[in-house]
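The structure is given below, and queries will be raised subsequently.
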Amino acid sequence: MEWFETWGLTITVFLPVVGAVLLGFIKRDNEDALKRTALVVSLAAFAASVLVVAGFDFGASQYNTYQFEVSETWIGAINANYHIGVDGISLPLLVLSTFVMVLAVIYSWNHWEEPKNPKAFLILMLILATGMNGTFVALDLVLFFIFFEIVLLPMYFMIGIWGDKSPRKVPGFSKVFETRLYASIKFFLFTLFGSAFMLLGFLALYFESGDVAGERTFDIVQLTELGSAGAFTGTFAFLVFGAMFLGFAVKVPMWPLHTWLPDAHTAAPTVGSVLLAAILLKLGSYGFIRISLPILPEEAASWAPFIAILSVIGIIYGSLACLAQSDMKRLIAFSSVGHMGFVMLGISTMTDVGINAAIIGMVAHGLITGLLFFLAGSMHHRYHTREMARLGGNIKLMPVMGGILAFTAMASLGLPGLAGFWGEFMALVSAYNPLDGLSLGVFRTAMVLGAIGTVLTAGYMLWMLQRVNLGEPKEEWEGHEFKDVDRFEMTAWVPLIILIVIIGFYPRIVFDSTTDAVTSLVDMAFGSDATASISSITGG
Amino acid sequence: MRGFLYDLAILAVDEGKAIEAGDGGFWADTAGIMLITPFIAFLAILAVGKKLKHNGGEIAVAALAINLLWASVLFVMNMTGGVLTETTFEIARIGSDLVFELGWAVDGLSIMMYFLVNFVGLLVFIYAIGYMKGDVRVHWFFAAFSLFAGAMLILVGAPNLVQLIIGWEGVGLASYFLIGFYWDDLDNVKAGNKAFMTNKVADVGLILGAIILGVSIGTFDFGELSKLAAEHDEALGAVALVGGLLLFFGAMGKSAQFPLHIWLPDAMAGPTPVSALMHAATMVTAGIYLMARTFPLFQNFDDLAGDGRMWMVAIGTITLFAIGLLALVADDIKKVLAYSTVSQLGYMMTAVAAGGYTAGLFHLFTHAFFKALLFLGAGSVIHAVHSNNMSDMGGLRKYMPTTYWTFVVGSLALAGIIPLAGFWSKDEILATLGHEGFTLVMWIAIAGAFVTAFYMTRAVALTFHGEYKGHGEPHESPPIMTGPLVALAIPSMLFGFLNVPGLSLPGIGNFTEWLGVRVVAMGDYHPESVDWGLAAIGLAAALLGIALGWRLWGPDKDTQAARDRFNVPVLYPLLRRKYYIDDAALGIVGATTGPIARFIDWTNTYIFDGIVNAVGGMTKWLGGITYNFLDQLGVDGVFNGLSAAADSAGSSVRKLQTGRVQQYASGFVAGALILVVLFVFVI
Amino acid sequence: MVVSQFLVLAAALFAMGVYGLLIRRNIVLILLSVELMLNAVNINLVAFESMIVTTEALGQVFAIFVITVAAAEVGVGLAIVLMIFRNRQSANVDELDLMRY
């Protein structure tokens, strides 16, 4: 497998875009061929990522060493290289990304939103896949930035073309927008705004690395070494962290930069929402773990209480906003704000427990919220409305769909024994004992508020079930024939359900990959005392 | 692997107390099967349940029957020799320090619970096959019921706090499904939501408590926690007060302690077998079980945490007395029993909090049998008359003899009449309270015994005596339902003898010793012999309750005549009691308990329920404010405002673009001229 | 040699060009005015070159550049004008405001 060691990641990343080119040669009306090609390509990318897992050495634990690493000169003039690789932190996310993409293609099989055009849609999806996979393996800031931005375009078009066509009144404007246009532009502008600052931060690091180390570099590995040795400090580090914070925080999204999210999620076509929730949001939190924290550890620690506060506001605020929603999809969208709040709370503690919590929280949120958006899309497909006031008794009309919805809602509210629990629980654990030197008052308050947030989460999820699933069906649906879950939906959803349960009872499948990398990351960033905050008396 | 529970036992040996316990061999090693079968049953019923004759009931029963085999073998092994072992699997390891494990503990406490859950559960499941016949979605009922039992088994088998939380919330989830089982009616859904949400609030306590204790001592393992508590560990002592009270708060939710009891009466919205299982062996016992599992923490609470025990005892006491009074005014027979459960849970909680580990658990044990019996009996009655209200019953003694006699046995056991089970367990609680110095509480508990007997007499009288007031011809339930009643009546009568102070049954010892494989280290109090004086007082209180209850609600001519003459609906027994003011003894009762009960009922409905509803409403309102003002107008408004400003600036500036080239050129020339002037004359 | 006379001539030519550019309504005349301005610049270039002589004769070189560009510009410009006239039967700039907001 020598050959695969070198090419494995490149294949995983670029296969989809090659597939997109292939699709370009297939006639527009030959829908079957288009779908089959897209499926084969995404399956192949998934298989490649699984082979990466198979070839991954889980024993190698030192942070900042990567496997399947490739480093080739790319733009010599600015010392930007094609440098990619995976470690225990990015591996689960990479697999999640290729995996969800396969499910998304399967789901699209018979769910096309107007104006159809499967060819264009599938091509966009495959380009998106390349961007997402690439972000998780990029080890060069320029490369990272490019993948990070590639994601933006397909999603912009997905929302803008296939999105919700209903009118939307925007406060402050006299004219009425089409929701899809409003949402897509908002999404684009917000993200671009953030990434502009992020790019500034990257450039600043590039030039500063020249002053510090003699050679300017965009290389994450080298910058991490410099950073953990304390090369970047003072106002410079403060500004750079702030700039990158803006870029990542918009993507996560953190309160108060979240407002693009409900609009984009609600307006996007089903597959768009799924990919947005399952993977795109993770790019931001992944950026914190991969770039901000290791390169600027001291600055990260001094920003930590601020991030924790914003996270907790996000948790409470997102949950409260959910309680005011009448649109099912929008409710699910807002729930992401709360859930990503737990992820960021975990990261902000700067401990190994917290960062592990964040990663499993990201994986779990990807699976659960992805599934919720699939469900919301399928329900919309059948009822042609997302207004919860008009739904009700869904479980009577479509027992299987209702059952899956109930299951997913339970998973989303963090029921122990399902995947969502670990992210929340461990984020709270880590908030009790953050990194030495961080304010215990802030973090313990955050813990209590976060725990209260779980109650609110349960509240709105149950309320949603009550309004959508239970009771008697409304009169307007009398005489309607509803087709329960079809085989494509089943194929796309069952793997998610199984994974949610498996991770719930056996989180090791994620932690075995992440824990060593995270521990040594924290060691490297803050010294090895930092991980000893939980004393080591264990059962067994 | 013998685990930390074993270490705890070793600690006892160090203190010179002998301990006899085997490792349970094959049966203990495979005890985890009990935790899994209900989930297999759950999936199997969902998959094929609809096609089976009993809609999956047979699968559910089979699963629990297998479980009961294991539980019984372990129970017998524990009686004869003692079993103490635990098996765990690592499911997550963070760094080298934080380890999460799943597994099963097999010791006196968990074996007792395994047996209880599976035994009572099996009988209730069998009963439910008859009870649910012809109902809607029966397969879903059995699926959720299996889930319920499975989650409870995961809870009681937990060797650490994390697995306990998994089971704990699993129980909450299953109860949500079952309470809202008739979800076509949104009222039932709301009852389910209320139960889930109340529990979830309490779960915050449990989760935070678990985190605080677990992180402080470095493990979530019960054995280690108990060991450190027994050793008065300093790190634990620093957080014991907060952590312990938070755990207690969690226990208050599940075990329906005042004021978190509010979900429980509403939980009657589910089918009666659900209530039977929920109130007897599962769910509500979880809080008591948690307290017992972490008992060394509470045993040494005063040493570890300073003050705090008083509060827990106080809450238990309020619950046992005040909520018991509510049973006097309820008309719904299931609500009478529900309030009675809350009151009995108050006894258990008081006992455990006061330091009476065995006393509390023994009451839990006996109560499970007779409360399941009473609920199943009530279900049998409801099945016959198609109403929950006692005002629609009466005189059923003639029609349903088996139900009647078993119900009477259950009532007497609950009331604490010698020699039935409830007498012995309640007496042990009283003795422990007295010994631990909670004299006032002990007297309140005796008064509670009076109230218990009082309302149970009322329930029996109104349901089974007098004239039948309902519609149609009631009939005895089929054998599949009466069978479990008889099967539960036997332990309700006899199991009290398992723990008569000073009595050690040949070959098997007594209940205290069975639990003792763990408890010797804790040194809780066991009376050496029966304190007949105290027992007599407790018994007298109960008999007085029965006598007064019978006088008040009995079917004899005078009462009937008085009732008829006043024509007061049965719904308002308090009004009727006014007639008896002439009668001195009854008058005192009527004048005191009546208004008090009514007052408590009022506060319950308007204050506590009101608070809950208000909190719910407030939260929703807050949600509206957050979304509509803060988010849509505030945060989003800022961004929309920015873009709107850009938009309007653009639309005014764009007017400059006239499309006339020469106008642009003029501007251009003018600009150039200005620059020329600047360069030439100014600079 | 005195440069100022040439500069005055160039300035006068340039001013006439500007005037024509702003006042005329016919596109052809506007184009002619542009030519006038370009030639004014050419005069300047040549005049300055004669004042500070460079070895590469930069002034003349640039002047030839300008003439070339001007020729090309007139070629393309007149072609466009022709097309406009054919389509709209007019070469009046006031009627050509398709590019307004």
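Each chain carries a letter (A, B and C) given by its place in the written order, and its residues are counted from 1.
Following the convention adopted for this analysis, a residue touches a chain if its C-beta (ideal position, glycine included) is under 8 Å from a C-beta of that chain, and two chains touch if they have at least 3 such contacts.
Quick caveat, the model's predicted, so the values are computed rather than measured.
Most remote chain with respect to chain C, judged by CA-atom centres, is B. The chain occupying the central position, as judged from C-alpha centroids, is A. With each centre defined as the average position of its C-alpha atoms, the distance from chain B to chain C rounds to 94 Å.
Chain geometry summary: the mean Cα position of chain A and that of chain B are 38 Å apart. Remark: chain A and chain C have CA centroids separated by 59 Å (rounded to whole angstrom). Along chain C, no residue makes contact with two or more other chains. Touching two or more other chains at once is no residue of chain A. Counting only residues that touch two or more partner chains, chain B has none.
Taken together, the chain C residues at the contact with chain B in this complex read 18, 21-22, 30, 93-94, 96-101. For chain A in complex with chain B, the touching residues are 170-173, 186, 189-190, 255-256, 258-259, 317, 319-325, 334, 352-353, 356, 393, 395-396, 410, 415-417, 421-422, 425-426, 428-429, 432-433, 447-448, 451-452, 454-456, 458-460, 462-463, 466, 470-472, 505-508, 511, 515, 518-519, 531-532, 534-540. By the touch criterion stated above, chain B contacts chain C in their complex at residues 654-655, 657-662, 665-666, 669. Partner chain A is touched in their complex by these residues of chain B: 1, 3-4, 88, 90-102, 159-160, 162, 165-166, 168-170, 173, 176, 180, 183-186, 189-190, 193, 196-197, 200-201, 204, 207-208, 211-212, 214-215, 217-221, 223-224, 235, 616, 619-620, 622-628, 630-633, 635-641, 643-645, 647.
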